[in-house]
Amino acid sequence: MEKRARVLIDCEDAKGLVYQIAKVFYDRGLNIDTNREFVDKQNKRFFMRTIVTGVFTIKELEDELQKISPKDAHIRVIEPRDKKIILLVTKESHALGDILIRHADGELGADIECVIANHNTLETLVRRFDIPFFHISAEDMSREAHESKVMQCIKQFDFNYIVLAKYMRILTPTFVKAYPQKIINIHHSFLPAFIGANPYKQAFDRGVKIIGATAHYVTDDLDEGPIISQDVIPVNHRLTWKDMQRAGRDGEKIVLSRALSLVLNDRVFVNGNKTVIF
Amino acid sequence: MEKRARVLIDCEDAKGLVYQIAKVFYDRGLNIDTNREFVDKQNKRFFMRTIVTGVFTIKELEDELQKISPKDAHIRVIEPRDKKIILLVTKESHALGDILIRHADGELGADIECVIANHNTLETLVRRFDIPFFHISAEDMSREAHESKVMQCIKQFDFNYIVLAKYMRILTPTFVKAYPQKIINIHHSFLPAFIGANPYKQAFDRGVKIIGATAHYVTDDLDEGPIISQDVIPVNHRLTWKDMQRAGRDGEKIVLSRALSLVLNDRVFVNGNKTVIF
Amino acid sequence: MEKRARVLIDCEDAKGLVYQIAKVFYDRGLNIDTNREFVDKQNKRFFMRTIVTGVFTIKELEDELQKISPKDAHIRVIEPRDKKIILLVTKESHALGDILIRHADGELGADIECVIANHNTLETLVRRFDIPFFHISAEDMSREAHESKVMQCIKQFDFNYIVLAKYMRILTPTFVKAYPQKIINIHHSFLPAFIGANPYKQAFDRGVKIIGATAHYVTDDLDEGPIISQDVIPVNHRLTWKDMQRAGRDGEKIVLSRALSLVLNDRVFVNGNKTVIF
Amino acid sequence: MEKRARVLIDCEDAKGLVYQIAKVFYDRGLNIDTNREFVDKQNKRFFMRTIVTGVFTIKELEDELQKISPKDAHIRVIEPRDKKIILLVTKESHALGDILIRHADGELGADIECVIANHNTLETLVRRFDIPFFHISAEDMSREAHESKVMQCIKQFDFNYIVLAKYMRILTPTFVKAYPQKIINIHHSFLPAFIGANPYKQAFDRGVKIIGATAHYVTDDLDEGPIISQDVIPVNHRLTWKDMQRAGRDGEKIVLSRALSLVLNDRVFVNGNKTVIF
């Protein structure tokens, strides 16, 4: 039976790769629906995302592509299907709300397995959508103890990504290492400007004329992971930092949802500390 | 001797095209430097722009690609080299000036063969850059008579594109047909809003909150040709239409220069009344 | 007791107005917190929005300002307080959802009296937020008959604005006239480009490189009312019109919510077919 | 004889200021053409820019305003008239070129007294516009020795602003202190991101999705002065840092010219390390 899949290839660059890969598709009678490639010349890495249609099994196609690719090749053949995500939040509802509405609409491209929060502020909102909500307070507890409880909770679920939808806590390296390339964060500034706490206050104090938001993969270094999406909003001297925070929320939620859409559609490759986005 | 060329293919879509084309490059030992493809599914057309490096002759490569492509295929193998352009202007200096500065800097990617104007306002500016300037007044003359003089002038030069850098006259179908897909215009609005005369006045009267500029190929229908590039500038109630015009100039010159850069780098395919841009 | 109010003045321009108005505030010992003015020179109209704090009664302050202003002056002294709105929707959830989330968060600046829809698609979503939902189908009914039922429903509520959050029906002049300067619409294009039905399809067919959204007051002329807010989103040849529609939704909801915030904060003056926004 | 002036007031905030100032204009029979105010509540400072028309002398009006204002008030009554500027450049032509074209067009709002460069690369371009060019090489010289030569050169001219149009040298505190609030710089990043050398290389290495440019007053702290204007340009993984540099130039020149226009029109107040812009 005819099907459709996303073929993702990420490997050392080599001569003839496009030909070799196209030959695999051609020999099997597969149709190339869309095709994007990129070669990172600095690091000599090749990235390719192709949508193919035709008759094939995932396993066979992966094996065949592996055969003609450099040894280090990371090859994935993925059928388009909803992913599963877990949301971590604190008190603010805008990023979470945007995701909930898209989810309710069937537009998100993911099932929300649960929402975990270190405050119970958002419980009512989440329950309106019949989604499991876990309040895991961090009060009177070491960072490690709290995270271990969160990780216990996460363990119950099958998931592709953990989305920090304004989760206002710093994660330990232990937590981050447990979910490599699986944690997406929205940072409320135009990184690398205003790393760390209260970027709107920092932006106000610096007197900038534009504020921004950045969605990125979380790595060990705070706010230093590969950037997926960024956007900006003009501001002026009339805005207090609270006004900037309010104005910035629209940017935050849109940037996070856009990044999420890219990730859930398998359009993002992590390339060292950067991303390649097709 | 090793060289580098842009391969542009534009044809009816067909199965196996990417493979067939990649095979030609592979069999000749050519390296694919960058590669972009697009299939217009509505019209079943295939577009591809590849930069190849290696040892080859233009003619042979074109012939070989022609052989494996659908009959209607439009195939061009182009060595990156400065193009030649002719500028048509009226009185405003901003778009012209931007091009002159880039040209003087060696950043334009084109030689300016001459500037033709229906007023002599810009003669001093053009002469500062030692570029031939022709003042062909349209006064007391039919549109046809004036255009015929302009075409006489153009005839002396070898050129790839005619750039209307704020040429404030409507062209006849005769003129347009003489230079198919060779005339680039900057229209001072966000097309298709405000077609026709004085779009800033129209924008002011309509009370819009954003104004724009559009660079496009010129076709028979006024302001209806394939769009290459667009950009916008926020405005508000405090601006008069003269203020909008002034503010809009930055957008106009940047949009035109960006479109010109795309066209001169052979990144633009005309696809019916639209463009495909790699 | 000290209070705070927005003073809105809209009148024929006259010499000494700023002085006369400032004198009223000064003589009463009121503090000017913020102050914005604008003179439309073309139409010789004066607009002013001042936030004052101090001890006063609304009625007295309005009367006193009326006395020193030109006869046609439209003067409003408004205490900042949540407004009441009614939402009209059809099937799409993004604009409605954005408003519901802001409302649930206490960020909207308005109470939602009810949601009226010509389809029942959004009933579940609205009920999740415990907001009255009225499904008034338009099937097998004249436009007039349907509108009369909608107006019956509206009549039960006290409200400041009717918000068309993707209400996909054309309103009759009767309906529009019943609520002057009280109906806010989001149009899914960068007006005045693509007036009318399916603007995304129109944008796709025209091959534009930027799409937009426009929030405006509804007047008799379809899509011709005073514009409050506009924004744009870049697109390219790879997007189908369905993709454009999807991408455009983020713009639509943000533009509508921004316009709503401006209107609910009494920052918008209607000035003929335009707006003055402070 | 009737004239027109910009009245700029910058002082400690106080009750009744708007009234007192409006009274001065009113008593003298002056017309308020446009009027903008702002109160920085954090620092309790009042800013006002009014355009008045009528019969008055600068000196008398300034004195009268001084009388009714707090003691620390900085009051300027300025007739709109071209300012004088000195340009400092290094090798790149885009920012300089943009200013030269506007100047040639009579659109700049300033006379260019001279261009001073630490390389002679731009001499030909500047001479095309008949503007004095001084090549003051910094080779084999201490920073102090070079700056002292530059200051000698500057001394010959009367000027309002020194514009660093991509002057790629760090200024000493001595130089900066000599021209307080008179030096405008364009920094080729979205400050405070990428302070210091080669911001495009930094942006490339960080993998950002947007790059920017910032025009600011120069103070002792490198890249830390009050920001006047900022703008951004989207980028992606396909751009090398050289590509980003090229793409960024359009932003740089537009942001600098916009900042220059604001400053030359007396629309910018310096407020500590920030700006208030009307």
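Note that the chains take the letters A, B, C and D in the order they are written out, and that residue 1 is the start of every chain.
In this section, contacts are C-beta pairs under 8 Å (C-beta built on N, C-alpha and C of every residue); 3 or more make two chains touch, one makes a residue touch a chain.
Remember, it's a predicted structure, so these values are computed and weren't measured experimentally.
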Study note, to complete from the structure: In terms of mean CA position, the chain most removed from chain B is C
**Study point:** Higher-contact pair (C-beta pairs counted), A-B versus B-C
**Key:** B-C
**Study point:** Inter-chain centre distance, chain A versus chain B - centres from mean C-alpha coordinates, in Å
**Key:** 37
Exercise for review: Please work out the Cα centroid separation of chain B and chain C, and write it as a whole number of Å.
Suggested key: 41
Check your understanding: Got the chain C residues that touch at least 2 other chains?
Key -> 34, 38, 238
Point to revise | Complex contacts: residues of chain A adjacent to chain C | key: 34, 93-94, 97-98, 100-102, 104-105, 107, 124-125, 128-129, 238, 246, 250, 254, 257-258
**Study point:** Residue ranges of chain A in contact with chain D within the complex
**Key:** 38, 40-41, 190-194, 206-210, 212, 226-232, 236-238, 240, 271, 273-277
Review point. Mind pulling up the chain A residues that touch chain B in the complex?
Key: 15-16, 18-19, 22-23, 25-26, 31-39, 234
